[in-house]
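These notes open a run of structures that come right after.
In the two complexes below, subunit A is the common chain; its partner is subunit B in one and subunit C in the other.
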Partner chain A sequence: MNTSLPDTPLLEVENLSTTFMTPRGPLTAVNGVNLTLQKGQTYGLVGESGSGKTVFSRSMLQLNVSSNVQTTGSVKFQGEELLTKTRKEMQSIWGKEISMVFQDPMTSLNPVMKVGTQVIEHIRHHLGLGKKEARELGIELLRSVQIPEPEARMDVYPHECSGGMRQRICIAIALACGSKLLIADEPTTALDVTVQHQILNLLDFQRRDRDMSMVLVTHDLGVIAGRADHVAVMYAGRLVEVADTKTLFAAPKMPYTEALLRSIPRMDQPAHTRLLSISGRPPDLANPPKGCAFAPRCAYAQEQCENEQPPITTHADGSQSACWIPLGTPASRDALQKNLSAGRPQTLAMHNVASTTSEVK
Partner chain B sequence: MVKTLGLRLVRLLATVFAVSFLTFFMTSLLPGDPVDTIIPPGIGERDEVLVAQIREELGLNDPFLVRYGNWIGDVVQGDFGKSYVTDQPVLSEITARLPVTAELAIVAVLMSVFLAIPLGIASAYKQGKAVDNSISAVVQFLLSVPPFVVGIFLIWGLALQAGVLPATGWVRLTESLTGNIESVILPASALALSQLAVFTRLVRADMISTLQENYVLSARAKGLTDGYVLFRHAFRPSSLSLITVVGLNIGALLGGTVVIEQLFAVPGLGRKLLEAINTRDIIVVQGIVLFISAIYVIINTAVDLIYMVVDPRIRVKSA
Partner chain C sequence: MKFLKNPFPAMWRLYRSMPLTVKLGTIWIVAIVFAAIFADFLPLKDPNYQGFIMGESKVNEGPSLKHLLGTDDLSRDLFSRIIYGARVSLTVSFVAVVAGSAIGGFLGALVGYTRGKVEAAVMATVDVILAFPGLVLLLALVTFMQTRSLFVISVIVGFLSIPPYTRVARANSLSISRREFVLAARAIGTPRRTVLFREVIPNVLPSIMAYALVAAAGVIVLEGSLAFLGLSVQPPTPTWGGMINQARKDIKLTLFPVLVPSGAMVFTVLALNTVGDWVRKRGQVRGAAL
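After this line comes the complex of A and B, so read on.
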């Protein structure tokens, strides 16, 4: 945990909530999220599909597409409030101070514009460079993201490039104007596994090289390990656990985090081990449960969990979690025993598979 | 690419020939005798020997296929025959009238396209808001009013009430530029307004779906201005159906100006066609229809080529 706080954090999100007005009523996709990112650090944001990660990352920047959306709370970037800025003011921050890399490189480049044009158009717009200088800078950028023959690549169309190549181009675009913060929304989800690794390393290298900070949004905890300083786990629009990466992997406090960690396939398991999955599905956000949103799927859930929303509490090791019965406490062991003997199906699903695995061994 | 173009050319010629045959066939089914035009019956005594002689000279007694063969053989050599009524070569009748109709059609298309693009984009950008609703309401109204009704209203309002533009007639470009512009505005507007409605709808619908695309979001996230994102990023991929329909409509306009030319007393191809039909001047009818359909086919081929310019992905597929 980084204890020294010399100046204002680069990004400070307080109580950020985003609500969509839908025909079925208001749907709160992001609910009271707090997050602090120091300069030069990487923040991992993890959660399964539909947990609100993407909406959160777009809400910070007022980039939500829908018009019937309401964002409340505070997002301070270098001490400046972003949520009260007008669209015009945001346009001088987007791409220049804060850049985004999106999930699907196949669709995030314009199919009818040349790669070169897309790499340099905002350079010219933000930095006021001439056509020739911008082009040279563009070639330099493509070279820095390890695209072979960058001069030739400037004049091709996106469909002539592979997926990995396109994501490199998107990264080059994000790096172009010297942004201080990079928000990468599932940057490798749409790519082949071998390419994923290259892209993540590239992002990490460029971030260090250019002294940027990064919010790395992903559903894959494996992507976070070794790349993020801090991790926030999101479930049903709320942060349920926040910790520095080592602590989170070593001693998760929230049963959801534990379940996510167990769902990562591991090399040291014998072949044909059934991969653990979390039974059930995330709650309907238009009709959220009264208590902890994870309780219906949780192995440890007790009566209190079903009825009361757990507050975020800070633990001795500095990590924070929103759970009535944090893992590693005697209460959690008791709860597990109680649920096992009562034959609670969620609990059996989580813990039987684990025990059969050890028997096979 | 060369192979693609060659193939297109062959297809184009085949289509024109097919059209020429059908035109000839259908006009030959028209009731009435062309000789009646040359020597109107009922005026004094008809010299049946002369009639038979003319019939023989015009080849009207030959079997259908022979007549078609003779006609198309001449057409290929640039000879469209002579009008039965005016005795003028059909080709020169067409070329004298074509610039008028072409100007009318082109001005109408340009007016409608250049108004429809900003209207459609604005409508899509402000989808569901007041701007969109009012544009859509006007478009709906224009769609349901036929062009000649719009024409009558335009004549009444701008020519008869305001008196700023001539109600009917035509001043050639070679005579007076301002006169030409004045005489083209009303008929072209009458043609343009209903087209405008169709084009605006197309642009709006295509833009709305393009604006949902990820690349539009990434363009916005680069901090580009809304106008730049709309016109540079979103419009081009949204313009394919507009190009198709504009292409189809230019062809349709060339033949479809008939009513408007009649209404505004514009001496164009459409009016000539109507005259020729009324006077059973069949060889002129055949000439004009063939001419219009050839232009139609050429424009549609051109549209296909424009696709390749607009969307690089099509270029790859057909290469």
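After this line comes the complex of A and C, so read on.
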């Protein structure tokens, strides 16, 4: 490993793009993504389903399964380029330097192998321990992710465990070899709400305890709040807004982020408050729109939005967004007014919700 | 493994969980395999002893206590001939299962996981072999052979069994390899070879086993056809197909010597299919639950 300079970011993604060669033509699922993660921090990656979060997190690690995939750009981990590494070289990074936790714990464990065996084999492979030490370490790990009676759990098959239990096992495996970076791809989406919180808190606790960094991928901004230092919002394969978490929640710049924020139920709102659902669907990535990908669903969209791709710009508060008419500017209020009087349905839908929750902003 | 430590309660529980037809099928298979293996130690008549020479029995006799299933046109004991004949059918079909699942199954699982040029080449070869009707190819190969011993027949049938197993294994391996746990194994740095042997193959195995039971039935029919045409293991070794063929000429006098070997074949095929089907369905239910 490089002895990296103290100020080298742990993870530095530059202009990462991933294209699938599909029968319908090239499909760019990730488009020019930049992201910098400092050591010890958590990065939240948010976007609705299909926005390219999974493809992005797998692309960073060369873990895309299909053979028709092409990844360009640069991913530097501790200053070392990952995308040019061979599979052999990646094998000592996967699971040892960088670990992943997947969305569906029901399918991410081998159904025909005992839980303990899966944990032990992984430990032995990376740390070269003997059978007995590996087993003891395995039990210790299961205990550390708060699995009751870890000794007994070692000898059961995955289908004998609940979803939450399985996700804890997956986390234990991910933590086993002292990874410096944990990529959690919607780790709680498949779980019950109560279990979700336990798992998120567990991840957070373990991250601090082991001095790791984390990329927390989710479709739910509510999951990010209070857990991530920075947030990147992804839409149609691009990052449309990047900010530190406080700024993003307090002053979103991109209408998509605002819409996402409005779609989280909040405790400080009256119970009858209507939640905003974003009308329409994300664009077809094989046929991307000419302008901003969100424009067809955006309450503020003007002609320019439909025709020109907005560049990513940095604002005074340090946040970045890709939007022609950033929120909070007079231009954005004018655009909204104009769309309202023109009767643009996307705008009306949002205005209706906004007026019933007039106290929010 | 729990199963190895104390197999009998586990097997009994498995047996209890079977529907009646599957129970009957299992009993039939176990009985005929047991009889074929231990035929020399069972109180059976010599399958080639012609009782009429000493005036002990007549030709084409019906069932009696002396000859449980009667005698054939040379007054040989049909019951004993069925069991010795089972040796040929079962050996050929066993070799076919072993060769098919070991070679074909492994090859299919391998290329389904690794993909690429090797897969294309292997599957093209498989498709070419499968494009010929099985019996025609078998006849062509067998007619080339000087000797038609059990060994030669088994090798040829075993070889021809490889392609369909390869196809089944590859299809399953393709879908297993895309499952998240295989990706998860890769994502924690498991070497490819370990992924193949620990993640992919154990999960492909149940479908190969289910296919093997059904395919074994097919092989029994195939060997029977070969024997019927006089191209399988040569007399005096009894074979089911050979027995049917031999009894054919007296079919106007008595149906019984045809019915006995045919029945043995039909029941065996039926039993294998029933059990195979049950195994496959159980696998599906389990697969869905996982």
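The definition used in the following text is that the second predicted complex is superposed on the first by the 341 of 361 C-alpha atoms of A that agree within 3 Å, B and C clash if a C-alpha of one lies under 4 Å from a C-alpha of the other, contacts with A are read in each partner's own complex, and residues count from 1 in each chain.
In the analysis below, a contact is a pair of C-beta atoms (placed from the backbone, for glycine too) under 8 Å apart; a residue touches a chain by one contact, two chains touch by 3 or more.
Owing to the predicted nature of the structure, the values given are computational and were not obtained by experimental measurement.
After alignment on the shared subunit A, the placement of subunit B and subunit C results in a clash. In the superposition on chain A, A:Lys39 makes contact with neither subunit B nor subunit C. In the superposed model, A:His219 lies in contact with neither subunit B nor subunit C. Applying the stated contact rule after C-alpha superposition, one finds that A:Cys170 touches each of subunit B and subunit C.
In the overlay built on the shared chain, the residue A:Lys246 is in contact with neither subunit B nor subunit C.
Legend: residue contacts after superposition of the two complexes on their common chain; A:Val65 is shown touching both subunit B and subunit C. Of the two partner chains placed by the overlay, neither subunit B nor subunit C lies in contact with A:Lys76. Overlap of the subunit B and subunit C contact sets on subunit A: residues 61, 63, 65, 67, 87, 90-96, 99-100, 102, 104, 107-113, 121-122, 125-126, 159, 170, 173.
Those residues of subunit C lying in contact with subunit A across their complex are 115-116, 177-181, 183-192, 194, 198-199, 202-203, 289-290. Interface residues of subunit B, counted against subunit A in their complex, comprise 128, 212-215, 217-226, 228, 232-233, 236-237, 310-313, 316. Every residue of subunit A that touches subunit B in the complex is listed here, in rising order: 61, 63, 65, 67, 87, 90-96, 99-100, 102, 104, 107-113, 121-122, 125-126, 157, 159-160, 170, 173.
Of all residues in subunit A, only 61, 63, 65, 67, 87, 90-96, 99-100, 102-104, 106-113, 121-122, 125-126, 158-159, 170, 173-174 touch subunit C in the complex they form.
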